[in-house]
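What follows is chain A paired twice: with chain B in the first complex and chain C in the second.
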Partner chain A sequence: MKKGVSIILLLILLWGVVAALSEMPFGKAKLEVAGHYTDYGKEDTGAANIVTSVVLGYRGFDTLGEVTVLFLACIGLAVVLSTLKKQGCGARQTPSLILNTGFRFLFPLILLFGTYVFMHGHLSPGGGFQGGAVIASGFVLMYLSVPKIKRLNHFVSTLFESVGGLIFLVIGLIGLKLGSQYFLNNFLPNGEFNTLLSAGIIPVIYIAIGFKVGSELSKIIDVLLEESE
Partner chain B sequence: MSFLQNYAYYTGAFGLILIGLFIMMTKRNYIKIIIGLSILETGVNLFLIAVGYISGGTAPIFSRSGITAEKMVDPVPQALVLTAIVIGVAVLGMALALAIRLHKHFGTLNLLEIREQRW
Partner chain C sequence: MNAKDVPHQGSFRSSLYLFIILMIIWLVLTNSLKTEELLSGLIISLLLTHFLSANYRELGLPRLRLKRAANFIAYVFVLLSEIIKANFDVAYRVLHPKMPIRPGIIIIKTSLKQDIAKVILANSITLTPGTFTLDIKDDALLIHWINVKSEEEGEAAKRISERFEKYLKVVFE
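Moving on to the complex of A and B:
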């Protein structure tokens, strides 16, 4: 009964979607603002990756909101789970030799790759959020493979998180003070196009975001794992 | 048939969206509802990326010298989807935290059973 009703509702939705989408051509340029970004993004922000120049150049304030949402989720998760009584139910399976050895070999490489991804955010696909996620995946591997569970050092992770957020804000405020008076104004020189030291403040902010997101996601995993034991 | 050929990405995206909505409407297990939400979100992200596609376009990165601005796909949906993925992770984390709370409190994740019990 309930399945029948939901299938009928979804079919009505599908009909509406098909009727709307058949008017919309696939593979054609639709937004004029996209043309502006691809034409002038190179000169405006100095970043070779236009997605990065949109995320941190044209819409940097939006990204600050995004970082704040992730921060709030991390806090909210810790608050929701903090009042629970700890009840140890142990029985943790010891990880196999392959996982343990593989972890020792892979962990530094994963951290290095994450760092590479967020440092080259303005040149290649990737950026602070992606690099942070790669680093957090390294910590997931650590939690899975270390026999006696090692906790994340909460002081260090909170330090990285706060300093990352503060660097983002302070750079934005310096931009507000200098030059053309808007938040996240690109006050550093653009440098030589398509090199590591280019695009002004974008790599600096992406490094800050990378540290922040990496420590936040690792902390989320840490809190969830702590409660499930 | 030509609709399927021309609109393969839209079809896939809305297939995922409808599957996710169906799961969320019919299932009664909280974890399954979260899985449905994730599938729905993937479909929405795929749809946004497909809207920004331009036939024969490259990724919007000036990584080599031969790439010109005319041949690039739309960067705006990609930037929006980057935001959407991060927000999705935040929502997923909160939903899982609530799942842990519910399971500790009621001993079950079946929403019908939870509704019968009183706080």
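Moving on to the complex of A and C:
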């Protein structure tokens, strides 16, 4: 009896799944917007990386929102942690020679890689957010391996953060003024496809985002570490 | 000579090393020789070298000599062959029904002086399966060994570190 019921239930479930799937056209674009992105992304934005052409070309306004969210998270964390009472967490172990020397050797190379990632966001996988995260990981390594912690220079990190955000906004507003009356309009020439100086405003914005995200994430780590001391 | 004793000697050399390493990595990443790529790589490498060359000054990188470069390339091949050999050895120990392992932690001494040389040695030992460097204290390396063949210091060093150390000594001394 139990078995029979469960088999019937299973069949009903199977029928539901099959009925739902058979309605969907197989191998065809399900959304017209996605089809437009893949067909015209190259001509519209000049970016070789379709994901970037969507993130910064078609949906640049969305990305501005995301950058703002990160900015607010950073501020919020600093505000919340500054209200807590500081308490010591015991002695810090001195980092081993392997970690310390590895940091010395790798730190410039990590920064170079992060810079590469955010400069080539319109050509290869990656972009401002990813490049910024790579740069922040370099700073985590620094905090772990330098015995006497060199505090992040708050003035410099705030400067990078603010200037990065401002560049994004100003470029968007220039586009609004110059072109066909919409925010983040691509007013720079698209250039030769698949080269560093192509895709108009996209690399400029991604470099700004790279600096902004890199300094913001490093600052978050800095604030958390300050709290644990 | 230890680089820490002479902080200002070789600062140009370490900057040059850093710049060349950064440029090579940039060329490998971008995989192009276009003017704008080269120019941006040049600017970024120069900036990073300007701000971070102090990091490289304390590493104790030696002067470039043909003998050192040749030995370093030889060392890379030795490392690769040792990694392959050690892989087979560990696979044998894992697959053997009796699992002939004798794990333990030993200390071996190294005669290498420079920090970077010690770290390369430690990482080589870690990269070969079966041995793992836990820490370095002055000239002693703390190593976890999957099959301790000898507790004696000299004998263990002969089996684990000597094959790398003889090349690294020529490279860094």
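Here, the second predicted complex is superposed on the first by the 197 of 229 C-alpha atoms of A that agree within 3 Å, B and C clash if a C-alpha of one lies under 4 Å from a C-alpha of the other, contacts with A are read in each partner's own complex, and residues count from 1 in each chain.
Assume a contact is a pair of C-beta atoms (placed from the backbone, for glycine too) under 8 Å apart; a residue touches a chain by one contact, two chains touch by 3 or more.
Keep in mind that what you see is a predicted model, and the values were worked out from it rather than measured.
Colleague: With both complexes superposed on chain A, which partner does A:L10 reach: first (chain B), second (chain C), both or neither?
Modeller: After superposing on A, A:L10 lies in contact with chain B but is clear of chain C.
Colleague: Regarding the shared-chain residue A:L112, is it in contact with chain B (first), chain C (second), both, or neither?
Modeller: A:L112 contacts chain C only, not chain B.
Colleague: Can you tell me whether chain B or chain C touches more residues on chain A?
Modeller: Of the two chains, more chain A residues are contacted by B.
Colleague: For A:I98, is the partner it touches chain B (first), chain C (second), both, or none of the two (neither)?
Modeller: It touches chain C, and chain B stays clear.
Colleague: So, does A:L197 touch the first partner chain B, the second partner chain C, both, or neither?
Modeller: second
Colleague: For A:H120, is the partner it touches chain B (first), chain C (second), both, or none of the two (neither)?
Modeller: second
Colleague: Is A:H154 touching the first partner chain B, the second partner chain C, both, or neither of them?
Modeller: neither
Colleague: Sort out for me which residues of chain A touch chain B in the complex.
Modeller: 2-3, 6-7, 9-10, 13-14, 17-18, 21-22, 24, 26-31, 33-35, 37-39, 41-42, 48-51, 53-55, 59, 62-63, 66, 69-70, 72-74, 76-77, 80-81, 84, 123-125, 127, 129, 193-194, 213, 217, 220, 223-224, 227-228
Colleague: Which of the residues in chain A come into contact with chain C in the complex?
Modeller: Residues 96-98, 100-105, 107-109, 111-113, 115-116, 119-120, 195-197 of chain A touch chain C in their complex.
Colleague: Considering the complex alone, what residue numbers of chain C touch chain A?
Modeller: 18, 21-22, 25-26, 29-30, 34, 36-37, 40, 44-45, 48-49, 52, 55-56, 58-59, 115-116, 118-119, 122-123, 133, 135-137
Colleague: Can you check the complex and tell me which residues of chain B touch chain A?
Modeller: Residue list for chain B touching chain A: 3, 6-7, 9-10, 14, 18, 21-22, 25-26, 50-55, 59-63, 69, 72, 74-76, 78-79, 82-83, 85-87, 89-91, 93-94, 96-98, 100-101, 104.
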